[in-house]
Amino acid sequence: MPERIKHKPLDIDKVKPPKAEIHIITDQCKGCGYCIQFCPKQVLEESEEINARGVHPPKIVDESKCIICSFCTAVCPDFAIYTTEKKCAEGC
Amino acid sequence: MVEQVTHPLSKYLRADMMPHIWCPGCGNGIVLNCFVHALDELKTDLDKLVVVSGIGCIGRTAGYTNTDSFHTTHGRAIAFATGVKLANPELEVVIVSGDGDLFAIGGNHFIHAARRNIGVKVICANNFNYGMTGGQLGPTTPLESVTTTSPYGNIEHPFNLVHLAAAAGAIYVARWTTLHVRRLTQSIEKMMQKEGFCFIEVISPCPEIYGRYNKMRTGLEMMEWFKKASVVESFSDPAKAEITKEKIVVGEFVDIEKLSYEKLFHEKIAQINERSIQ
Amino acid sequence: MTERKEPESKKVAEEVRIGVYVCHCGLNIAGSVDCAEVAKFAATLPHVVLAKDNLYTCSDQGQDQIKKDIKESKLNRVVVASCSPRLHEPTFRKACEEAGLNKYLFEMANIREQCSWVHLYDRKEATEKAKDLVKMAVAKAALLEPAEEAEVPITRKALIIGGGVAGIQAALDLADTGYNVYLVEKEPSIGGMMARIDKTFPTMDCSICILAPKMSDVGHHPNIELLTNSEVTEVKGYIGNFHVKVLKKPRYVTKDCSACGECVKVCPIVAPNEFDVGLAIRHGIYTPFAQAVPSTYIIDMNVCLNKDGVVVCDRCMKACERQAVTYEMKAETADLEVGTIIVATGADVFDPTALPNYGYGKYQNVITSLEFERLINAGGPSGGRLLRPSDKQIPKHVAFVQCVGSRSDKSGKLYCSNVCCMNTIKDSLLIKEHWPETEIYVFYVDIRAYGKGFEDLYKRARKAGAIFIRGLPAEIVEDKKNRSLWLMGENSLQNELYKIKVDMAVLSIGLEPRKDSEFIQRLLTLSRTQDGFFMEAHPKLRPVDAATGGIFFAGCAEAPKDIKDSVTQASAAAARAGILMAKGKVTVEAITPISYPEKCNACGLCVKVCPYNAITLNKALKRIELIEAACGGCGTCAAECPFGALTQKHFTDEQIIAQIDAVTENSPEKKIVAFCCNWCAYAGADFAGVSRMQYPPNVRIIRTMCSGRVAPKFVERAFARGAAAVLVAGCYPGDCHYINANYQTQKRVECLQKKMEQSGLNKERLQLLWASAAEGERFASKIHEMKNIVDSVASKEVEASQKVFEKALTGV
Amino acid sequence: MLSMPNKRSLLTGAHFMNGDVACAEGAIAAGCRFFAGYPITPATEIAEHLSQRMPEFGGIYIQMEDEIASIAAVLGASYAGLKAMTATSGPGFSLMQENIGLAVMTETPCVIVDIMRGGPSTGQPTLPGQQDVMQARWGSHGDYATVALAPSSVQEMFDLTLEAFNLAETYRVPAMLLGDEIVAHMYEKLVIPPPDKLKIVNHKRPNVPREEYVPFKPDEDLVPPMACFGEGYHFHATGLTHDERGYPQTSSSEAQQKLVTRLCNKIRKNEDKIIRVEETMLDDADVAVVAYGIVARSALSAVRKAREKGIKAGLLRLITLWPFPEKRAAQVAKQVKAIVVPEMNCGQMVLEVERAAKETPVAFLSKLGEEPHTPLEILEEIRRNS
């Protein structure tokens, strides 16, 4: 439909974006960078730290941007990253 | 947050075998990841699962899955698995091996298992070369690719694995790349639920060896190639499922029903015993 | 195909007996033309056996007169000088036929639209022109020949473009009649604008409640194939035999979808829902609204994470028990064969950001009437509670601003959008129903409550307390503190300035032609009015037909209208299409080419220029072959043939040259010989007449079906016979009613102009004009412009041109 | 081929059949329920017979695409819990060598029947030979010890096949039956005892909870208990050098030392339990004939004829070729003046005999082609050495 959209959806704050928890098992990472490269929301970036394998594991830029598509979990060759949804008591 | 935690899929892996031997950016880890992910989705009874592999980097997979597993000799994974499956049809037998192992030294076993429709499931990580031995020419090496044994560019025509599998009689044939993790996982799930010879080819990056000789030094570069070149053409003619710099045809190519060898064999046994009772 | 030995045409050697009838049309013609004198003049022309003038030739008496004369005076040709043949040619042809005269032996002189109306104040010149026009008609009539019309079978299937209420109604009517219907809708669901409106005026029905049943009927009707999320990309062929390509965009959800909605729950992506004008969110996978038809969900790949064939997120696929989700779906093209097409593409709404003084888009609490509909709708984003966007409070004071984008020469459109007044009245009542305390101001220019039950509703609104203030606000400003709005302007009834504070202002936005109208226009070779809406074949007598055969209009595509009118027009269009398909065949005008094989040397030029591929070259027999059914009748082949081996029935070289000669018989040096195509230029000239646009009387229009028919030799002959100027006028390139025949026109005219230049002639004397049927103005001003050229042409120049082109005088 | 009672029952009592069929029946009697093979003369009848008999016992017969596949399938079946066997002849036996090594490395109980024919290469498919004896011992690469038995009658084709299974199961090794074309095709009387009189051995099973199971941790007898696929033990086996968990140890010398030594020792240290010989008139013999397979039968009549002529000859018939009965051979060597070794090859077991005989002279009598040695030829050799 051609109309230009000018107003913020009224129910925008009703939809709670899932609260993600990203777990990085640093020392398991071999630094291939797939999780960083293919994250649809650019949640990750390479860190400066050097892990047990002498590579830079990913670090989280903005966890709130994560929508838990968990592609990083699926594409990691080293089982070094996974995402979970934060279960929070009083509806956060 | 960065922390030390256990991966949800770790229960499918032999903790004391981790970390695996594979190089940074190697696709084998993704194949393993998708495979155990599929097991998790299907809630597969691990007691009834046997993972068999042959020689080569990916051959180590058998050792990494927390199941009964057997790491056979060069090219013999399918033949060994045939024995397992026929001896105990209750078992789900999955072969995870490489293009060289399955289609060069083991090529004969592959086509005959497919022809007989033995109920084993084959996942082939195709990295276009013999990685473990340092990157030699293999049955899937693309024309003109440089390997340690084709320094002037490969002049051998590579196998089209999905076409071969379909022609040989496989009842399920698919090809994905390691970037298509979701579809790959779905395909594995689908395959595991079928009865008969199934085949999935996974185009897998080998940046350290194959990539190094072919201007794709990192896994990312190879994965970007997959992303750029892949076209999903499910149930198109596998004969036309090319793999070139420009185009990698992926998708499901065959999904049919056909009585498996073991089923037919046990039907025969039943008939014979009926006869003998009269 | 028709073939003749050349001499034969002459051989039909019975004596030509022409009757001429000059119509007064009340005072429409007689007011500025001396009809009696014209008739007297006509009687003097060769072959004319009788000439009469009468008050209304089109009246029954007028027609009976003609029939009577045909019988008694053995007339074998009839000429009527009256209005435009585009209006009454069929009427008189019918009369002739009833009197046993082949209808192709009738000819018309257009002395109203193209004479009396455009020369209102110059009776003498108008009369002279009328005589010329009659002379031309008679000259042509003498050479007319009887013709039989070929029949073309009609495919008994209809295509309807647009799934709004008009398209839905038309589809159901045709389907119920028993015809197969393809209903093509761009959006994922049918329903269109009506589905988004809360209540309908004047009856205050729940809009979707009355529409939804029709929508599901469409969904289930055995005779209707519904193609949503689809677009018509190509239309070829002609009346009764259209070949249509429809692009079916992928939905990424198969028909197996049970609309359970599980997928939506897991989709991590949110986006504004277009259906709610962005006032509510939807997910990456969604259904636009609850009653959508088809109910099948759809994935918006623009926001979905799964791009370039890589599935990043497969949650919806996993959530779908019926495995209806597939990210691999590809666009498909459907090829349809239909006999008729109904254009129900609807309208867009005006975008008020064009009016910065109203602050729409800047001030949160300024909304459009469409947004209002969603807000007040119980199924809408606020559950029917009218909330002002800034603080989600129910406003106590609401203003409606009328004519936003309508009836304005500065901002927006000139025309009245027809529905806004009543819509606002309805809306004000809706507010009063729910929140009687709310203060409502309606700022208007005029309130137009002309329809059945409209006035009552208007009265109710006033009674309910809505305050109507005449005079639109000049400006709306926002109170930064509470985001309330100040409306400032002049009350033109009380001649006083007002400054009124409200919590929310609703801009009553007008309707405008869809952005894609131009695409549809080209696709179907339609014409549009200056407003940009599609133009009907005749505003009074063929209001739902397009000029192009087999195509009809329904709903706002033709002009802004309310639901009732849209539905009425839809049923009318369905009926019109039904008539064609019920007949099962249509006769094509006998204006297809005639070929003279003995002259043809198989050069294949005609094959190249034919827009319909209706001509093929038979190399073996060294001759061309013609597929009459495929021929559109533009005659550009005849114009192209260098050997005179082709001509067009009813527009033969002889006939046209006879007209040229008639024009140029006396004082050609003062005249403009104009060749106008029937669809655009000639219609445009008529429109100039209808609008009483005055222009110099020295132009003589020769009608051809397409400007592509105008052979260089016609132009050359006109000059050879001393014409001062020649005008060739046709449809805009791309709008040609014969696909692209007018590209040939351009080519030929330019080549002639070059020739004139090279021969030292003023090429300005030959003009090429593109004018649409709506551009009377453009036509008129062109004649003004050419008048100056004519005046500037010295007699020496005329002689020069006669020399250059003298060859054109010989060999016809 | 003789017609079998078409019912699901073991054969018992006296029968007249050829060696291949006897071998097949022996396998079934031993509990073999999986056969994978590839047709080859002179072993084909075993496959043919089993293709009919296996299904009657719910067992699997499959003809693979080649001998490499056959032995691989046999290994797989064995790990899946079935007693498994393949049968072939020289050329196929060679193809199997790699995976015989795998069977050794992964301690896979299975039986490989090699009906020896004339070699090298395709050689003489329809004629007998004893040329694969060393291949049976050293055929696969790397170091290991195996078990090989040599039947010299149809009866033994049955008995020793059964025995081979028992040994394979006891020691988790590939056990080989080295028949020859003659015993394989020869028809003789065969007496099969009733099933309950047959001694059937099954491999040791783990006796610890699943989670405690260590697949390659040996007991005192150096043989690890064996679990099978699908029993929930989730164990790994590999052809790579591995530790007791079965995990690859590709760079540890210690692991290599430990594993390979044990693989050899589990045969060596148990050889007294494994080795079987048959002795005839050896106690006072001056000349001993050492023979096996079909040749041993000529040797026996040669020895008898020698005694008639007053020569004190005796026969040591090797039933177990591998492990070689070294101790006994040495004792005999001490006691006799000379040893005669007739073989249908150019001298293979004779090397082992010489090694055991030390100073005692050993005369080798080679015979190749259609006929084994005649009793007179062997008698002649005995006389020469007496």
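Per-chain numbering from 1; labels A, B, C and D assigned in written order.
The definition used in the following text is that a residue touches a chain if its C-beta (ideal position, glycine included) is under 8 Å from a C-beta of that chain, and two chains touch if they have at least 3 such contacts.
Please read all numbers here as calculations on a predicted model, not as lab measurements.
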Partner chains shared by chain B and chain C (touch criterion as defined above): A
Interface ranked first by C-beta contact pairs: B-D
Chain occupying the middle, per Cα centroid: B
Whole-Å separation of chain centres (CA-atom averages), chain B against chain D: 37
Inter-centroid spacing, chain B versus chain A (mean Cα positions, whole Å): 30
Centroid distance [mean C-alpha coordinates] between chain D and chain C, Å: 97
Length of the line joining the C-alpha centres of chain A and chain C, rounded to whole Å: 54
Per-residue overlap in chain A, given as positions that touch at least 2 other chains: 38, 71
Where chain C touches two or more other chains at once, by residue number: 310, 312-313
Multi-partner residues of chain B (each touching 2 or more other chains): 179, 181-182
Overall pattern in which the protein chains touch one another (line/ring/star/complete/other): other
Chain A residues within the chain C interface of the complex: 1-12, 15, 17-18, 38, 40, 67-71
Touch list for chain B against partner chain C, complex: 179-183, 186, 227, 230-232, 234, 250-251
Complex contact set, residues of chain C against chain A: 187, 268-270, 272-281, 305, 310, 312-313, 315, 348-349, 351, 353, 360-361, 364, 367-368, 370-371, 381-382, 387, 389, 392, 514-515
Chain B partner contacts - residues on chain A that touch it in the complex: 21-28, 30-34, 37-38, 53, 55, 57, 59-60, 63, 71, 73-80, 82
Chain D residues touching chain B - in the complex, by the definition given at the top: 6-8, 33-34, 36, 55-56, 58, 60, 62, 64-66, 68-70, 72-82, 84, 98-99, 101-102, 106, 229-240, 245, 247-248
